[in-house]
């Protein structure tokens, strides 16, 4: 079992003829992902890695019965690609692109609310169900199949934590990189609820970071609704207020909301075991299982 | 019994300090309508006909517990007034204003779909439940209380038909002028469903006109869903294609859609008794009761 | 308000759409001068608001001065489906290999704009819509968001436009949509968009209808209104602010409210007459407005009688009656018989004071229409066919 | 990117917002000349990105040449919360009776813009938000529709702005919203909007932060970027395209991915060190990029040691190692000790080829951080407080 993706998921890659798109489509296919089509305007009729390319996502989705899309297009065109994916329609859109203007995403977010589609990202490494399918740019080799669900706002931090887990034989049901931008589709609460409903997931790791109040909302949700135990980690304890730490989402406003302290306290109170280091997170997962 | 409005309806008049607004607010109050507030930016604190005026509709609705609004503001500002009413929020908005640009209305219509509010109009005479409340500019004196529901796209044609009904002692539960514009809020189907659910309405008159396919949709709806008998009238049998007959909605495209013939045929087939003259409509209602 | 082709092309060209070189001409000399500066082959195109100009002889291709003179002589002054041609557009002829249709309009049923592309351009698009609706790709646009670029592309690909011009055609559609929004248009349309042998995309025609209700915020377009009017009566109606449509019959009609005026037309037809016009004087009925309405109807030489039907509503019938009396006082004798019917608020008081010596007065709408039809028949109108 | 007050005011004035007469000055002479042309009283305002400039002595009012000279001498060159003041804005002083706050920002929790008005302007608005949130009227805006006029009015009335200036203040808010959208801003803000004794509304300050990710479509704003940077290191980071934040400690940090770099900072602190910076070199690790990162970190004279932590992911560890080796080959001797830790794809191969003579090499993130903290402590850093 898993959430969001498995080996039945039929994937369109938007931007498959670009450098990034072609490379990662190849990696996804190599991992075993069922990539059924590419979509690039003007490239209809071509093939990439043996996969047919269509001019529009609608046509790709219709012709190949696709139900998910991975967006690997440059930031200037990404919002349009997301609107197109939402309108094709597919059930799941994974937006890898980093650097989409925030106001573009606000408009996408408004549209998203008018659909039933799950959007993961943007500015995220993607979603992987180890051994079945990977939608995104995660390095497949560090993941292993198991009973831990993982949710993270950060890419390489996810890898670090997964590395620590896999080292100890703690495999994953599904890992979701929800992305580090101020406005994202699926947030912690939505991702947590997916894992809560997944019988194969016995524990969950959530890696948050400073900025916003998504972790605080997650803590409230966990307290009220969840039986599955959760281990937590919050990056950015040492970040000074008012400075943007790489992720656009990781900016602490001067007023005290969105600090690491506020997030850790909220999670603590909700019964989440928060670790100080990635190693400690793995310790905590072992304890919870 | 009645639909949409009765003597409990608490009404805000937007534009109450303007010439039209002040006059018709007075007429509504004189008719017995429960006008509880006016809303005009910059006029907060004033009074018109003893009714307090507020700067915003939200404040008027909150302070006076209003649940309906009548919009009597000039066309250039009407769309904004409608957005404001929809966001205040009230349950019913009656837009009298004629000449609102169509593209403004398309945006209002989009927002309307995101709310639970009923919008009547624009470019309509309003709604009246005889003896209880009138929201709009209909001449109260020609209406009488009874068991006939009336729905019309046209103002003065409504009066003509009501005159014929009242002459014969055929009173009305509620009369709804849905408006003659290409894009309106409540359409025939929605208005018909309200009357179908009203136990006091024993027969319905619907006055349509050329343009659009709302009457055809109504015919389908009547055929499939309605027990209450319907008498019909369609204005514009002699209108040539491609010409706008006063109402922006009343334009027949060259392709044959939206003609009087198509509408009359559809209604005939749905069992609606369509009259050739207003007099005949009254004859038909007598027959149906 | 419908712009003429030459007006629409100016607007389109300013927005960056590729239009052929062209000049407006009102005489044979001007046509020759224009063709000379543009070069041959040149198309000479009648500037009137009628469909199927080409088939009706309103468009001719000239390869030389002689042919241009011939075209100018035949088209200027011709009667095209009832309209006299005063102006022609002289335009560089496009050497095309393909004709597409691209347009934006309001889908009133959906309450949304719809963008359309067809690879079957150059013909009557309404026929295409009727006979092979699948040949037109449609994209409904959310008016809050506007048209997304992917929608323009999708429409173009779905219409089967060839790949090498797809991006240019999508660009035309996007620009047409922007124009549609920025100008508060009812329609913006190019039919055909021509594809040349060297794969250039050219807007060979241009249609633009502007929402009359939005002209107040487009003073630049409103300025084009007089030139766009097709005849003197329409120009007069614009000036008076009436909703007016001229028809073929001889019974003049004045009333208040579009639905009721349409009904009055229908009744004229029902009782065997033929309506000469649609004229809605709207709310109120001040003497000046009544006088203007009479002026308009009498200015139509086809009119043999007039029916004047007002349902007072909020307006008081006695005030309307006074307005009518004042308005007809200017005439020693009315040029055509007028039958008046007043109903609604204070209608009886109004009927009482109407100048019954000069006017016919009727109690019911049906009675008033029948009387006017009778007058028109007596005056030599053919009575039409009753239903 | 945060614009300086003088840059934001230029943008605001161009959009039609009422701003006081003002000139930028970089010397006492320029201040005097500016004040002369603007007239007294004039405000002399330090152009640095710090809050509470006024309290910290960064704003002075001058009534005369003497006072202006005094103000210029005291402010130009002063250290304001760590930043040296190079430029001042000389501005006509506004005789106000009321100070309001008006601003637009993104509410990330809601995913929507929010427009805000408060009648308690002129102070730290974040304190107002904390202490009396009801004193700030908020309007969430649907980004598809944009801000409706009624929303601007409602915010203004709800904030208790007096009726006679309500319409002008609503106008300021509408313009700020339009600017926010048109410039892809993170924030547009005026604090205070001053109301003068004759009931004029003046934008006495101006804040504008532009979304770095959207600068590509605003070349005019992007041009202001260099002037907006606060110090040489920030300018260098812009040039290299790094996400870089300078901090107070002495352990330099280089890594890939914001979350992992933040975690590395946290671990430095956890193990008793103090981070000198945040530096995310992003995906890939070509030699040039690695060299640039080292250049940046070494350019900070506070740095005593460096931890270089890369989780390869898709990037191969051996390629990263090669990049590091190439980058350090330029040094005869490294100016500061560097501890490297590679993980992920081909990490082992990478560790094997790393130039272990020049670099410290560690297996784990925790180990690498501890070693770098050790080096920094040995170099004379104070070791900080452990947790």
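Each chain carries a letter (A, B, C and D) given by its place in the written order, and its residues are counted from 1.
Going forward, a contact is a pair of C-beta atoms (placed from the backbone, for glycine too) under 8 Å apart; a residue touches a chain by one contact, two chains touch by 3 or more.
Only a predicted model underlies this, so the values are computations on that prediction, with no experimental measurement involved.
Considering the contact criterion stated above, the chains in touch with chain B and with chain C alike are D.
The most distant chain from chain B, with centres taken as the mean of CA atoms, is D.
A comparison of the A-D and C-D interfaces places the larger number of contacting C-beta pairs at A-D. Per-chain CA centroids place chain A at a distance of 28 Å from chain D. In whole angstrom, the spacing between the mean C-alpha positions of chain A and chain B is 49. Chain centres here are Cα means. That of chain A falls 55 Å from that of chain C. Of all residues in chain D, those that touch two or more other chains are 142, 144-145. Residue positions of chain B touching 2 or more other chains: 107, 111.
Taken as a contact graph, the chains fit none of the simple arrangements: neither line, ring, star nor complete graph. All chain pairs that count as touching, in label order, are A-C, A-D, B-C, B-D, C-D. Residues of chain D touching chain A in their complex: 51, 106, 108-109, 111-113, 126, 129-130, 142-144, 181, 184, 186, 211-214, 216-217, 243, 245, 247, 255-263, 265-270, 275, 278, 280, 311-314, 343-345, 364-366, 387.
Against chain C, the residues of chain A that register as touching in their complex are 41-42, 44, 55-59, 80-81, 83-84, 87, 107, 111. Partner chain D is touched in their complex by these residues of chain C: 142, 144-145. On chain C, the positions that touch chain A within their shared complex are 145, 148-151, 153-154, 157-158, 163, 166-167. Residue ranges on chain B touching chain C, taken from their complex, read 24, 27, 75-76, 99-107, 109-111, 125, 137-139, 141-142, 152-160, 163, 180, 182-183, 207, 209-214, 217, 233, 235-240, 243-250, 253-256, 260, 276-279.
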